[in-house]
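Next up: some structures, all given as structure tokens.
Each of the next two complexes has chain A plus one other chain: chain B in the first, chain C in the second.
This part shows the complex of A and B:
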């Protein structure tokens, strides 16, 4: 059990060294220096980049500056996805630090959601938590919580307070022992091979016959392309928090320990790097 | 409890029925994405995760003339605040609010028609906003998390400019705003479309069970069948300017036999108007 708690900490404190560069087309009053930051895997871009905005606002004409947005190698980065998911999906097999381009003009509103304030991030985060609980507990646990409990979850994330967050989040990880797990596992599978943003369906951690479902079982049911057949070379990696968990890992355990603070298991399917 | 739950299979059945009715009425709904509702379930070649399932959505586009009421401003923190109109006196603003409430009798017109308001109360209402022709696109998807239908929509001007969340809120009829506002989740939000990945406005589904329960219970008590998606749509659609003609329900439950059934099938009778 001590090991399992360590996993929770490792997940929470995961960081990605990032270098923010101003888009070359931005008009500057003097040369824009890059800005380096260690980004929390479990947080959201617009929540942790106030310093980046401040830094670049010093060199651009702030009258012209619109909403800040980020791009990696031509792909606009969705702030509403956890940072770790964006990295694993788009840049995991490249050299660190992760180089992100910063824009203050031409917001791509056909691709990105607007994020005018932190309260929008909070609303999005709480909405994910509620949706996860709808799947796990028919919303019973989250609806029994008070407003201040919800606030504690958000403040824990916003202020990087592991203990404060988990004091409340542990309630969302409980289940009746006789059930053997949650009702359905909250998960999303991401891939870049098609336009479809993610796969999300109802999937039980334990079959009606009592068989414990594994990560491999989930992938087989939801995205079999990700798995390679016997004797064939492996074409894809199934990545959670930057690592490839064994396919035999029980899904219930993954949900309890490797979920993001929003209570979802975010799974990235990426092509195996060609050497 | 399971009464209010709409699983994916039943969602598809409801959509199929709605589509058939829509075709008869020329209401413009279509089924998009995934496979056709009537297609086979078993085709999987694995290249697209959506294949092999019937995932898709109902889609409809519509042009609406909308007045964006800029006398009220949606504030993310606190809800509505009435900014005092520079171009109008307080009294005129009060009359405008009153006229809006009077006009609520016709729930389908979202302040789109100034002449109509003239008829109602003889007051010439000069709205603070301007009337615009907007292109609306509505999608109905199934939420597997809440086991309910969900309404997504986006809207843009004739020049192709997408509307902001504030503008969308401003175009919602004041009577509906109150109801939507009471939900702690700011019921209309900008979300990523789960199948297309593009930003759409969404009506949050977490309250759906609440208002569907009495409808479904009553239907069960009266041994009537109910099309969940259609009933749900008739409640949420008008909030965002989506018309659900009454004819849908008369097609579902015809009160009287149609003329074709009464009259003998001969050419003279068939051409009656």
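This part shows the complex of A and C:
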């Protein structure tokens, strides 16, 4: 399984080239240059954009600087989604680099959560892990871990330390062999056009008959619209981490290898780009 | 191998994704970020280079990126910095100076503003003053014009009046010339008449003399059965006296142009009656009262020598004194509003009665020619008439608007003329008791005397005015040198005596109306505006009292003081009266006393004080 390790590494070190532009309405002392950054797919916006804030604070008046928030083509970007999810959902198949508009004023309280400090991100991250483990192991594994182990998970993500993270995360990916997989697969299906933020349901990786569920099965069960019928042109793409895995890919393997650090499998269903 | 398919697919997909998304941009973004950082650093460094000199060294020690190049750069920079520092200090200095000058200029400007304000205020004041003065000027000009007009009208009126006046003067001159002519003619006629009368009288006397001589001669021829010694003595005395008497009269008759009456026949008649048995009374005796002879009789006049009787006549000043025509009664009037009657008996004045009724001081007294009425003028603007017998007030003549200074009977005793301080003379008729005529004399009248035809008044304005009674107008004016205080006529009314305030007594000839004698004396001072002087009854002497209380007697002929009696009165003598008999003189003074003077014959006459 050397490929699996590579997959894990590729997944961990995925980057999105982003150009941060200051919103034109912001009052600046001198012209604000755009800031380019390679954002990690697996991290969160507010965790990795300190440099952006510092860069733009040089040009805006300090008294104008409120909480920074981001927006892409009018849509405020929720920081509690992983960056990769945001990109795949909103801006995949668009011209790179991804142009995000930085705002410092008029924080949209109805659309976004405030993120006053990193501890908020940590709390959110940890709660996602616990939720995932609850689905996977009835929270046994995560509860057995010590506080420092939890901290390690967070520090690994924060500092972009693959090894440090996976040292702990490995435990969360284990399952008793007799089960054949997790109890339930932690997943979320995101759609662009929907009033629901995401679809999340209980879904076993192995059918009661013992069949290994695949991605296709999951989609058929959860969001059959996404799948195109025979003979029809494909209308939707099922994107995870910026790639379209084959629908035959087993769900258990996906959950082990293509999950985000928060142990969830974030699936984006986006319409096929019409060139 | 299904497993581998999807696994490989995923792996390939991931790889491709990374190629597209990451690798294409990684380097670019990295370089961009570096450039950004560099530029920021450069900006920071360049800022820091300017203010801090020592950054150079730090830069040096800090190990700059380019060593040698930074030296030159630093040198240049330091040079520039030095230049800039110098410029800066210069500019600072200049700025300080400019600030100073700005402050000074500001101060000056403020001062000037203040001055301007004060000047403007002053100008405003001056403008107001100017407008005020202009207003005044206009008013004054208007006033001036009015005054000029008024002046012009006054001048015109004056011219007109001047013309009228000159015309009237001319008329007056002509009339007075005519008057003069008429008077002279009348005088000439009168003198002719008088000459004729004289001639007749002379003829008469000569005839009588001749007759008498003849009779005497006849008588002498007859033998007389008498004692020759006594009668002859008596006769000799009488003859001598008669001679003595005639001689002064003859002496008098030698003086030219003097009208004489008939003294010698009177004296001779007396002597003749003496011859026939009547004892001749002493020459001083006065004729019995009531049988007054008209002015043809000249009494025996002696110049008094001593004060026989001094008595208190009134309470207060005694203003007037007058003998009755019979010489027995004396009336005095004073400021105590009374007229007192005194009887002269053997050298004494016995109080006989007092006439009351006046409301103010008495100024002049006159008995009528019969001696039965007494007229007194008073300061209460009225004259009063009393009967002497019973001292009853008969008439009060009011009408003057000033003090009545003198009131006199006209010769017919039916009319009275009074002169007053109100500058008028009033003629009163006693029968109807009204004022018949008022003439305006022009000046306050101090004294009046009357002849048959003429009234003479002496005035405050130094003139004596002559008024014709029948024509009831003024015929003559005589100018004297002083205010006329008193007038008196001699017994034959040929001469007028006036006393004036210039201490001179003038004797005026009535026919020529000119001053014949002027009498004065050293020490004689006319004491008041009402000082009265008098002729002696024969017209030979004039008696007047002085302000120092001395009584002066002048001799008319010689013009010299005959006697001065100055040791009796203590205050100014107001009035003098000579008894018609010639024996007594009474003078009254301011000090309420009256003194009876006479010649002291027989020595040791009663002098009671």
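Going forward, the second predicted complex is superposed on the first by the 275 of 275 C-alpha atoms of A that agree within 3 Å, B and C clash if a C-alpha of one lies under 4 Å from a C-alpha of the other, contacts with A are read in each partner's own complex, and residues count from 1 in each chain.
As a working rule, a contact is a pair of C-beta atoms (placed from the backbone, for glycine too) under 8 Å apart; a residue touches a chain by one contact, two chains touch by 3 or more.
Just so it is clear, the model here is predicted, and its values are computed rather than measured.
Colleague: Report clash or fit for the pair chain B and chain C bound to chain A in the combined superposed model.
Modeller: By the criteria stated at the top, chain C and chain B fit after superposition, with no clash.
Colleague: Have a look at where A:120 lands relative to chain B and chain C in the superposition and call it first, second, both or neither.
Modeller: Touch status of A:120: first partner only.
Colleague: Looking at the overlay, does A:53 come into contact with chain B only (first), chain C only (second), both, or neither?
Modeller: Touch partners of A:53: none, neither chain B nor chain C.
Colleague: Thinking of the overlay built on chain A, is A:111 touched by chain B (first), by chain C (second), by both, or by neither?
Modeller: A:111 sits against chain B, while chain C stays out of touch.
Colleague: For A:171, decide between first (touching chain B), second (touching chain C), both and neither.
Modeller: neither
Colleague: By the touch definition at the top of the document, which applies to A:161: first (chain B), second (chain C), both, or neither?
Modeller: Neither partner.
Colleague: A:196 contacts which: chain B (first), chain C (second), both, neither?
Modeller: After superposing on A, A:196 lies in contact with chain B but is clear of chain C.
Colleague: Which of the two partners, first being chain B and second being chain C, lies in contact with A:151: first, second, both, or neither?
Modeller: In the superposed model, A:151 contacts neither chain B nor chain C.
Colleague: Once chain A of both complexes is superposed, is A:220 in touch with chain B (first), chain C (second), both, or neither?
Modeller: Neither partner.
Colleague: So after the superposition, what angle do chain B and chain C open up at chain A's Cα centre, nearest 10 degrees?
Modeller: 70
Colleague: With both complexes overlaid on chain A, what's the closest CA-to-CA approach of chain B to chain C, in Å?
Modeller: 27
Colleague: Taking the stated contact definition, name every residue in chain A that is touched by chain B in one complex and by chain C in the other, in rising order.
Modeller: Correct list for chain A: none, the interfaces share no residue.
Colleague: Over in the complex, which chain A residues touch chain B? Could you list them?
Modeller: 78, 80, 109-114, 116-117, 119-120, 123-124, 126-127, 130-132, 134-135, 139, 186, 189, 191, 194-202, 222-225
Colleague: Please output the residues of chain C touching chain A within their complex, sorted ascending.
Modeller: Counting only chain C, the residues touching chain A are 2-3, 5-11, 13-18, 20-22, 24-26, 28-29, 32-33, 36, 40.
Colleague: Okay, in this complex, where on chain B does chain A touch?
Modeller: 46-50, 76-77, 144-146, 162, 164-165, 185-186, 189-199, 204, 206
Colleague: Show which residues of chain A lie in contact with chain C when the two form their complex.
Modeller: 3-4, 6-7, 10-11, 13-17, 33, 35-38, 55, 58, 96-97, 241-246, 248-250, 253, 257-258
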